[in-house]
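Same chain, two partners: chain A is paired with chain B first, then with chain C.
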Partner chain A sequence: MQGSELVLEQVTKSFSGAPAVDAVSLTVRPHEFLTLLGPSGSGKTTILRMVGGFLSPDTGRILIDGVDVSGVPVERRPTAMLFQQLSLWPHLNVSRNVSFGLELRHRPKQEIARRVHELLSVVGLAELGSRLPAQLSGGQQQRVALARALALEPRILLLDEPFSALDTKLRVELRTFVRSLQREVGTTTLLVTHDQEEALELSDRIVVMRDGHVEQVGSPTDIYETPATTFVAEFLGAMNFFTGAASGQQVRLAGDVAVPVDEGVLAAGDRLEMGVRPEDVVLDADAGLPARFTVEEVTSKGHFRALRLRCGALDLRAFVDKGVVVAPGDDVAVRFRKVHLFGSGGGGQVAPEAAAERPVAAPSAMAVRGASGTSGSGSRP
Partner chain B sequence: MSETSVSTEVAEAVVGGAGAPGAPAPRARRSRRSAEGGSRGGLAGLLGYLPVAFLLVFGGIPIVFSLLLMFGHLGGPNAAISELGQGEIPAHGIGTLGAITQLFENASYRQDIFATVMVFVVTAAVVLAIAALLTFWHRLRPSKPLAVLQFLAVIPLFIPVVIASFSLWTFWGDRGFTNSLAQLAGWSNGLIFSGRIQGVILAETWVSLPFAVLLLRAGVASLGDSSLDAGRDAGARPFTIARRIMLPQLRRECTVVFCFTAVGALGSFTVPYIVGPSSPVMLGVDAVNTYTAYNQPQQAAVIGFTIFVLAALIGCVYALGSRSRRVGRG
Partner chain C sequence: MSVAASVEVPGWNAPTSRARSVLRVGMRVGQVVLFLAAVFFIVAPLGWLIVLAFSRGFSFPSLVPTSFTLSWWHTVLASPGLLHSVVLSVTIAPVVLAVSMVICLPAAYAIGRYNFPGKRFVLLSVFSINAFPRISLYIAMIPMLFLLNLMGTVIGVVVVQLIGTILFMTWIPATGFAAIPEELVEAARDAGASKVQVFWRVLLPLCRPSIAVAAVLSFLAAFDEAQGTFIVGAPNYLTMPVRMYSLVLDYPVQFAAVFAVVLSIPSVVLLILVRKHLFAGTSAAMHLR
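Let's turn to the complex of A and B:
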């Protein structure tokens, strides 16, 4: 099966004057699995529906393999969509659902039968061709819908939150299946989701969207490890945020807690936000470290433990190995494996590669006296 | 309900015990409870049987009497009406088909039956077609004009049929608006529908359309967007989507619209009486004329029975069209 290049050039779409997609430019490479990730209202589904032809862009162009398809009606686009809701036609059996598009194209009956059998075999439902959709589970229905979408050999496959109507187990099973199938058939695929886990697991690249524009584009690792903004950082994974100010080679947080950073990264007096992923918080029994946090809450998450720590008015969330023995009330010292520094207001990251482990320094009395002016601190899971 | 009762009894038996002082014996309590349950069940049964009894008394018995009258049993409960009626054919033995034969041998009556069938079949088909066109098309290609048309189609629901019929009679009459326009265009008496069977069909369509539009609109709204989008995505044009995706999914609604419109038209009186011709007439008008004008209750009963048979046929169509599908189209 073929994979095509999809290009969006300055695509804009408004509804009743409110911009849903604001001058978005994007390239999806042939055979790539690209995910549009963002909260509700970020414009990701609007983009998908414009690519599919269900909506027309107000301005801008959509090109598939260099051909402008912006004005091409949906029934003539080389795309196929898998919908969020289970969208099989209930009056047609599984085989007829899959063969519908082929029948419209007047393909020979033998070819249609062979193709339907082939596709149902690919999705593991070859034996269920005569069943009605109502006789299938949700996961099976989405597999049939996938076979139906693939029947027309689309150059671009569009997935509109196709797993959201399924329960957790089915969702995990089906997305693994979809990923392996996509690798096998090689169709360029555009997925829309608000599920970060889904995006991280499936995508070659992720586009994080917010309020109709692209916030960051990159591989799952890049985006997770080097979020461009506080929005991306908190949308993809959990992160603790603290407001601070540069002071020499340190970031001084509220309550005089200080975290050293690389030389030359900061100018003195810079206001910034510091982010620390909970898994980058390392508990250290070494009593020689100056800042000490009190364990307030310990929650088992199965394969790890989530801790809520407090140092004066600083809240810190940490994910530690399930073997780490701590209990509420314990005093611990912490180090940060990695910190992310953002310009004040959540803008661009100013020190994306803060690599070395950073002991958290503070006046020894801080933990007991608390800190004033700590409104900027907090954890956003 | 029964499980709850049982567990309650067990709990009480354990707490109270058989010999607990002051407590009534379990068997006595059980019998009192079963007596209360019995009276509640009796009340529920009475509530269930009341409508049935009502139908039997006020619908079933008159039907039986009419059937007896139709087959020539003029005595007993039919004695009073037979005393006044004319042209009666009495039964000799178990009954006679004389009245039925007499009517069906009459060419005028056969024309009335044909006109009635034509009116309700054509009306039901036209109403279904218009309602489907308005609602399906609006769903596939939403537009202001279609929304306005849908709104206008519902208005007749709030206009009394007798007033509507008279308005249509004058509108389509020889001095009505349509014919005046036709005459202005040099087409003499080209657009007169009043006093014609076509006029009855037009008026029945006008009267029946609101219900059909409302019902189909609700049905169309129940179809998921993704179901229709998937059709477009597979390459289907609007007409194909309507025919192969929407229509099969709305088969029941369409059957209901067709059958209810047909039964409504079949049993209507006001519209054909005011708008329709003097001959042929629809069976409802015919029955009333035969009973009141010609004073022939036995023949009127035969016409009523004919209407009933036609309604039963429509009922069969309804039953076939609304049954659930158990196997998929393959």
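Let's turn to the complex of A and C:
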């Protein structure tokens, strides 16, 4: 069905002088499910609201199928928004909520009735057409809101953290539903969320945003496996960071721990930021680093165990299989299944909430990417 | 009366079954107390008034009238000028209500939905109308009404009665408009509604309960207004309350009782008319977060 292309060209928006979105360019392909992921204040919602027409960009253009819609008012945009808050009109019953937009378009009564029934069936609420929104659960209300958005036959569907007001079980259920529905209907979809799990599960591609600019664009796998910056690395999943210096095929960390890396492009003496995902830390007595780590803390996380390891100044988090037997005080040898190297160029600070485990503040610019060993298939946090 | 018992309190953690039954009994008791209070303070005086209007002799020690009569009604209904008063009252009050809505509702909408410079000042001045004895305001208005040639005219009476409605018609709907979440407006815009359509299809229906309440209070304020109406309208335009004041002083109390009963009729009719809006609206409003 609908599958339109959405293009943002150098879109900028400031609020009272402070740029919320800073010259962002972006292309959402037809039929694509694209997620804007970032912490609050990263500009993701501002972008969504500009696409929907609730805000207008200061500069730059927004094109839908090649047509500039920047000056088109909300009510005439070919977009439909699913809001974060439950936003059904409380004085209209479920059917009237869904038919609202169709009535405004003066569609014939029979067609409206047929379409409303069709849409309510799609979201599994065909029986509840005469209920008032207050008589529905939160999940049902959001389904009705989805039907209402789809009734407009939007070319671009905008989802503004639509699952955040729901409890965990409903959230997972509804987003699975939305994903399969989107695949079926094929509407180009733009989702805003700060929930990495949601982004990884739903998206064809993820745009990681920070301070009003795009930090990285890529498929969920790309972004998780090869984060472009330390910010991305920390925002999606967990990551241990160490500062070190390159020396030949090795990176020397504090305490003279040397980590071997495959790539031969490292210039000796380069300052580096090395990242290791906790699930890429393997307890291995034979092929370990030339350093012993002491187990400081063992926490059961259900399907895996989280360890806190220490070697001198090095603090390391590891996620290991729940079958691994370790206790605080044990000395273990570790191997890194995969390491990520980030150049020590910029000086940007990483968002504090994600930086809890980090021994030092990380530079933001990416220079070198490195990996050793096999690409890990370890469990994600 | 069972409505109150089934209301669910949002954010209320489900209590244990014992606590729940205690709660239920408590609510039942509360209902009964409320009901008795309503009977004692509202129904009983009205009933007494009606009985009084038909009684010949009815004074303190006896709890029921000693004998009944229709003579007070004959006297009241036959009194010269009564019909004129009734016609005046039942025409002026609705006109005042309509004018008040036309003037105050747009203001209420602006106050409720927008921020503008001087908003606090507007609210404060609207409030201050009711914060002082009304009589001084009327007296202060007299020179102005003379200047505008409105003393002793129907328009003058309408103007003076309007004053008592402004607070209700502005303040109550303004809070109603303000309570409507912005998402509901945005969702309507998103669905293709223009700003005007949003007003008529979303904001106004959701504000209906507040407007209904304001309309009832405003109507009664205008309908019952006697001081200002007397100052401005006498001797040509004596509405029912104005006439009643003079009767209370000159005739037996039964005479005033008859008048009071007659005076209550429009209020009762109005309440019956807007009842649907009040209650339909309240339930819709409660669904708002």
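Definition applied: the second predicted complex is superposed on the first by the 339 of 381 C-alpha atoms of A that agree within 3 Å, B and C clash if a C-alpha of one lies under 4 Å from a C-alpha of the other, contacts with A are read in each partner's own complex, and residues count from 1 in each chain.
The rule is simple: a contact is a pair of C-beta atoms (placed from the backbone, for glycine too) under 8 Å apart; a residue touches a chain by one contact, two chains touch by 3 or more.
Quantities reported herein were computed from a predicted structural model and do not represent experimental measurements.
Trainee: Specify the outcome, clash or fit, for chain B and chain C once both structures are aligned onto chain A.
Mentor: When both complexes are placed onto chain A, chain B and chain C end up clashing with one another.
Trainee: Based on the superposed arrangement, let me know which partner A:Leu132 touches: chain B (first), chain C (second), both, or neither?
Mentor: both
Trainee: With the two structures laid over each other on chain A, which partner does A:Phe83 touch: chain B (first), chain C (second), both, or neither?
Mentor: both
Trainee: Please indicate which partner A:Val67 is in contact with in the superposed arrangement: first for chain B, second for chain C, both, or neither.
Mentor: neither
Trainee: Give one of first, second, both or neither to describe whether A:His91 is in contact with chain B, with chain C, with both, or with none.
Mentor: Both chain B and chain C are touched by A:His91.
Trainee: Tell me the contact category for A:Gly101 with respect to chain B and chain C: first, second, both or neither.
Mentor: Touch partners of A:Gly101: chain B and chain C.
Trainee: Decide which partner touches more residues of chain A, taking chain B and chain C as the two options.
Mentor: B
Trainee: Do chain B and chain C touch any of the same residues on chain A, and if so, which?
Mentor: Correct list for chain A: 52, 54, 74-76, 79-81, 83-91, 100-101, 104-105, 132, 145, 148-149, 152.
Trainee: Using the touch definition up top, name the residues of chain C that touch chain A in the complex.
Mentor: 181, 183-184, 186-194, 197, 201-202, 205-206, 208, 284-289
Trainee: Using the touch definition from the top, list the residues of chain A that touch chain B in their complex.
Mentor: My answer: residues 52-54, 74-76, 79-81, 83-96, 100-101, 104-105, 129-132, 145, 148-149, 152.
Trainee: Could you list, by residue number, the parts of chain B that touch chain A in their complex?
Mentor: Residues of chain B touching chain A: 224-227, 229-237, 240, 244-245, 248-249, 251, 325, 327-330.
Trainee: Mind listing the chain A positions that touch chain C in their complex?
Mentor: For this pair, the touching residues of chain A are 52, 54, 74-76, 79-81, 83-91, 100-101, 104-105, 132-134, 145, 148-149, 152.
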